[in-house]
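Structures follow.
You will see two complexes here that share chain A, one where it goes with chain B and one where it goes with chain C.
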Partner chain A sequence: MNAPAWLEKQRDVARQTFDRLPLPTRRDVDWQRFDIRKLKLDKVAEPALTEKLSASPGNGVIFCDMATAIAKHSDIVKEYLGKGISPDEPNKFNALHVSRLNTGAFLYVPRDVKLTVPLEILYTLTGASGFPHTLVVIEPGAEATLVQKFTGGPTGDMSIHASGTEVFVKEGGHLHYISYQNFNPNVYDFTLKRAHVARDAEIDWVIGMFGASFQRYDIECVMEGEGGNSFMYGVGFAEHNQQFGQFTKQHHKVGNTTSDLLFKNVLRDSAVTNYSGTIKVEKNANGTNAYQSNKNLVLSDKVKCDTKPILEIESNQLRCTHGATVGRLEEQHLYYLRARGLPEEQAREVLLEAFLDPVLARIQVEDVYKEFSSLIHQKVIRK
Partner chain B sequence: MSAPNTDILPGAYKEGFHDDIKPLHVVPKGATHEVIDYMCDVKKEPDWMRQFRHRSLDLFFKQDLPAWLPGLRDIDYNAITYYASPVEKSARKWEDVPEDIRKTYDKLGIAKEEQKLLGGLGAQIDSEMAYHNIQESLAKKGVVFLSCDDGIKEFPELFKEHFSKSIPPEDNKFAALNSAFWSGGSFVYIPKGVKCDVPLSVYFRINAEQFGQFERTLIIVDDDAFCHYVEGCSAPVYTTHSVHAAVVEIFVKNRARCRYTTIQNWSTDVYNLVTKRSMIDSKGVMEWVDGNLGSKRTVKYPSCYMIGEGAHGEVLSLASADKGMWQDAGAKMVFLADNCTGRINSKSISGHGGRSSYRGLVQVNPQAKNCRVQVNCDALILDDKSRSDTYPVMEIDGDLSTVEHEASVSNVSEEQLFYLTSRGIKKEDAVSMIVNGFIEPIVKELPMEFAVEINRLINLQMEGSVG
Partner chain C sequence: MADTLEIIDLHARIEEREILKGLSLTIRKGEVHAIMGPNGSGKSTLANAIMGNPKYEVTGGKILMKGEDILEMEVDERARKGLFLAFQYPCEVPGVRQANFLRLAVNARFGRELDVMEFYAKLEDKMKFLDINEAFMKRYLNEGFSGGEKKRNEILQMMMLEPEFAVMDETDSGLDIDALKVVSEGVNKLRGPDLGILIITHYERILRYIQPDFIHILVDGKIVKSGGRDLAAHLEEHGYDWITKDTVKA
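And now, the complex of A and B:
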């Protein structure tokens, strides 16, 4: 299939951006803790990734894979694709994935359509590389729940996954968004997710980070209309030599908007996590409420845990707070549970799961909640 | 010399005058090896120091500014005079200080407080210490309080053992610049077990235009001793820029305690680029009380390196950014030993288009177990022209430490204002009360005279902030 000219142009721009940008090294502030020298980007293998979508609910909703969307709904796709995440952003891995853009999914919910059944996308990496792009457009007054799951990856060889999720929630629209990755080891995952939130619109996010040997997530909300809300929740469980980078941005372009964020990580063995969260409040964005909290629980003395909560504030009528903690299991809590007859192992398990529960409690889809719980439980009771 | 630029802060900056003081030694503008040789000759310094200065200047040329530190590229290092000395040597009696310099200090109200309140007083003007004296009783106990230039001559071994050991010229560009051109500053030694209850105070004054002041302070507090060191600073208001790049090194030995208080009130044409670091030995306590109220741009992160078990470091930071200022202040806590604790408490106020940034680092290294550190930063923004940032970095290796960070940014809340105004307090006074309440936890740690001065300065900056 020949791609339309407008798409080919975007890929071109991305290709040039990719060529222009150097591979990040430890000298770059955001990459200090990570070693990605093993990555060979000059000869990336042919993409091998499948997408499996749940049935489209009808009612004017478009829910299909990206190839179909480009072929059949070119007019709508063209209007949004690349408008939230530009192909020339100074992000090498975003440029890589846009330059190969042809897999992924498209969700379009027309005005005032409220979907009660969650829609699901399952991405499975079957080869050495995959570059899916997800485009979501929630028209005014519409509401939907989207669940994205990333999995797979060949055992043995190293593979690269670079993806983007571009979201537009329009006036009064509402998106419940759940996304999690449980890639096999040896996958290097680079993901950028950005949501544009219009007047009185709302997005609530739950992000799960469990697999892959390296992952860098960039998760951003751009508050563009008054009355907009964004609630961002994330949970990460890093063990063995896993390296997780989590970069969040709450960008308040206009006032009377609210964003809240809670990211919780558990680190074990020789895991590395690097959380860096920015709240940016632009001039005259008065009436902004922005909160940010990053809490880390460390279970081994070999882990490296960094946290950087950043505030950049240019308005004065606002309330912004952030907090970050790094700590271990409280002896007192253990003692309390053991005094009630729980063996030490089990008491630790209970406390770990309790630590992560405030994030899990945000998942409104029961099956997905169960899946998160069981993924975490398996890691907790690792035998 | 250009006329004082008085409209930068009308009425508020009473230290903005300049006096015509004739320098005895002055060098051509620009950072050159010739200037270093000239300085070494005038100061009659040992050879190792001459070599150290030359090596530092090479390092200064080689080093780049870190990527995270914006807004300093427009400093023209060749337009600055690196050494100007109005005095031949630092006087021990106030009467021996040249009259024109005495006059300047009288206007600033420095000397008259000495007898009443201070254990020792130093006064630096431009490159050199004009005055340095200490109470008889402290001198008898072996307390040393000299200008750094006298320190190297009178205590060569002690000086060499500690000098540049915590801040080598390789550390950063401005530390290298200071290491190349340092002049003046204090050398303090508190012998074992001596508690120096009255503060030692130093006042730094830049009088010349387009000048670089590079004082160097070295404080050694030996086992079980205590010392409180207080510094203040000011400069005339010109239309051109001056640079103040100080280096302060403090060694807190076993079970000793040191408190270092700064009230920085440079005029808004001074770049204040200071490296301050303390090495804290076992069970030692270091407290930085850092007040930043002036300057065009301040870059200063007082640091505590916990190198002995059970050390404690504390930074209380207060920044007030008014029109034309960018206070880039913060703190660093580096844990290198077990059972250490640290606390950072930062309060900042931005108004009239000023910008204040908190930049902090908490680093727990793998060899440090069971450390605890707590960081609090609160910021108050008074109007929508101003800006406030928080850039904390926490790097934790290992599982046995607890790190907590909390920050908030807010304006003066309508509720609080309503409460006070409904009790008949004028709105302007109400804002002033709220701001003073906001900074109270830090102001109460200051010596009385400084606390009064801070409140006066804050109130001046607050004038007209209620629209």
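And now, the complex of A and C:
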């Protein structure tokens, strides 16, 4: 299928951007913690990824794969695609993904339509590369729950997954967004998620990071209208030689907006995590509330855990807090559970899961909560 | 022997400081003993040494439960064998849900997966008795609980775990009179031929609600006086000074 001219143009821009940008190395400040020498981008395999969507609920809602969206809903897609995540952003992996953009999903919820049943997208990486793009438009007063799962990846050779999720929540709209990746080992995952939040609109996010050899997540909320809220929660469990980069940005373009963030990680074996959280408050964004917290639980001496807040604040009327901890299991908690008969091993497992539970508790969809719990439980008991 | 908790010439220290200096005490099932003592006499060290808090080091003596030396056992093994400590300061464990925790503890104690219905029926019954409301079970373990709620929760755990020997470490501290009554009623309900109880306290107050069979006075790491209930009343009237002077003279 030939892509429409407007899309081909975006891909072109992305291709040029990709060619122009060098592959990051340890000399780049955001990449110091990571070893990505195994990653080769000169010969990227043909994309092989499937998307499976739950049934569209009707009611004027569009929920379909990206190819269908481009063919049948070109006018709406064109209005939004690339407006939240630009093809020429200085991000080599984003450029790679946009240049190959032909898979993914589109969700469009018309004005005032409130969906109670969650919608689900399952992406499965079946070959050595995949570049899905998810576009979400929540029209004014509308509400939806979107669950996005990233899985798969061939065993053996290194494979690359680069994806984007581009979200628009318009005036008074509300998106509940839950997403996790549980790729097989050997997958290198580069993902950019960005939500534009309009006046009185709200997005709440729960992001799970479990699989892949390497993942770099860039997750951003852009607060564009007064009364807008973003509640961003993340949970990561890194073990063996897994390397997780988590780069968040709470960008307040206008005032009287609120963003809250909590990211929790467990690190075991020789895992590496690097959390970097930017709070950007623009000059006239008075009355901004921005909160950020990153908590890490470390289970071995060999892990590397970095956490860094970055404040770019130009307004002087705001409330902003940030905090980070890196710690071990509390001895007194362990003693207390053991004093009630739990064997040490079990007590440790319970406390590990407990550390992450406050994030999981944010998941409003029962089945998905159970799925997160079970993924974590399997990691905890090393099944 | 099979029905006793015997503490024999116990010496224990924390951070190089010797606190217990040869304490001996035998508790039979069915009995309630109270140990009273001023601050710094070694009350909490005794409770922690019996349970096996790794921060405390036992440097001498023995503790036999039903004839078995529990000092050779891990903390959790002691608990599964029927030893219970009601903590003075139960810790808050965010992320661990009350009901889930209790279920794991009960399964560990009885060595089998309790039927879910059976478990909840038992739990509801005990909660009712202790005047604990249902929402409480969905909360995280002790998180944000008031002092009274935490102590009530300790008694709830005790009722669920049905220990053979229970040590209550200053369970009365920080309780208002209503909470003290509820907690005491819980303990009195558990009291019986299958349970030996050791109440550790600074104040005589709790002993008005839970009548002990024996009272022991702990001073400087040793039991210096033992007797019946009248000892508590005497202490209340004269304070610990009376006993310390008395011992010094002796």
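Assume the second predicted complex is superposed on the first by the 382 of 383 C-alpha atoms of A that agree within 3 Å, B and C clash if a C-alpha of one lies under 4 Å from a C-alpha of the other, contacts with A are read in each partner's own complex, and residues count from 1 in each chain.
Heads up, the rule we're going with is that a residue touches a chain if its C-beta (ideal position, glycine included) is under 8 Å from a C-beta of that chain, and two chains touch if they have at least 3 such contacts.
Since the structure is predicted, the reported quantities are computational estimates derived from the model, not experimental observations.
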First, second, both or neither for A:Pro90, with chain B first and chain C second: neither
Which superposed partner A:Gly60 touches (first chain B, second chain C, both, neither): neither
Touching partner for A:Lys302 - first (chain B), second (chain C), both, neither: first
Greater chain A contact set [chain C / chain B]: B
Partner chain(s) touched by A:Leu356 [first = chain B, second = chain C, both, neither]: second
Which superposed partner A:Asn286 touches (first chain B, second chain C, both, neither): first
Chain B versus chain C as contact partner of A:Pro4, first or second or both or neither: neither
Contacts of A:Tyr335 with chain B and chain C, given as first, second, both or neither: second
Residues of chain C that touch chain A when the two form their complex: 51-55, 74-76, 79-80, 85, 87, 90-91, 93-97, 101, 104-105, 108-109, 140, 157, 161
Of all residues in chain B, those that touch chain A in their complex: 67-68, 366, 369, 379, 381-384, 386-411
List of chain A residues in touch with chain C within their complex: 330-333, 335-344, 346-347, 350-351, 353-358
Of all residues in chain A, those that touch chain B in their complex: 29, 283-284, 286, 296, 298-328
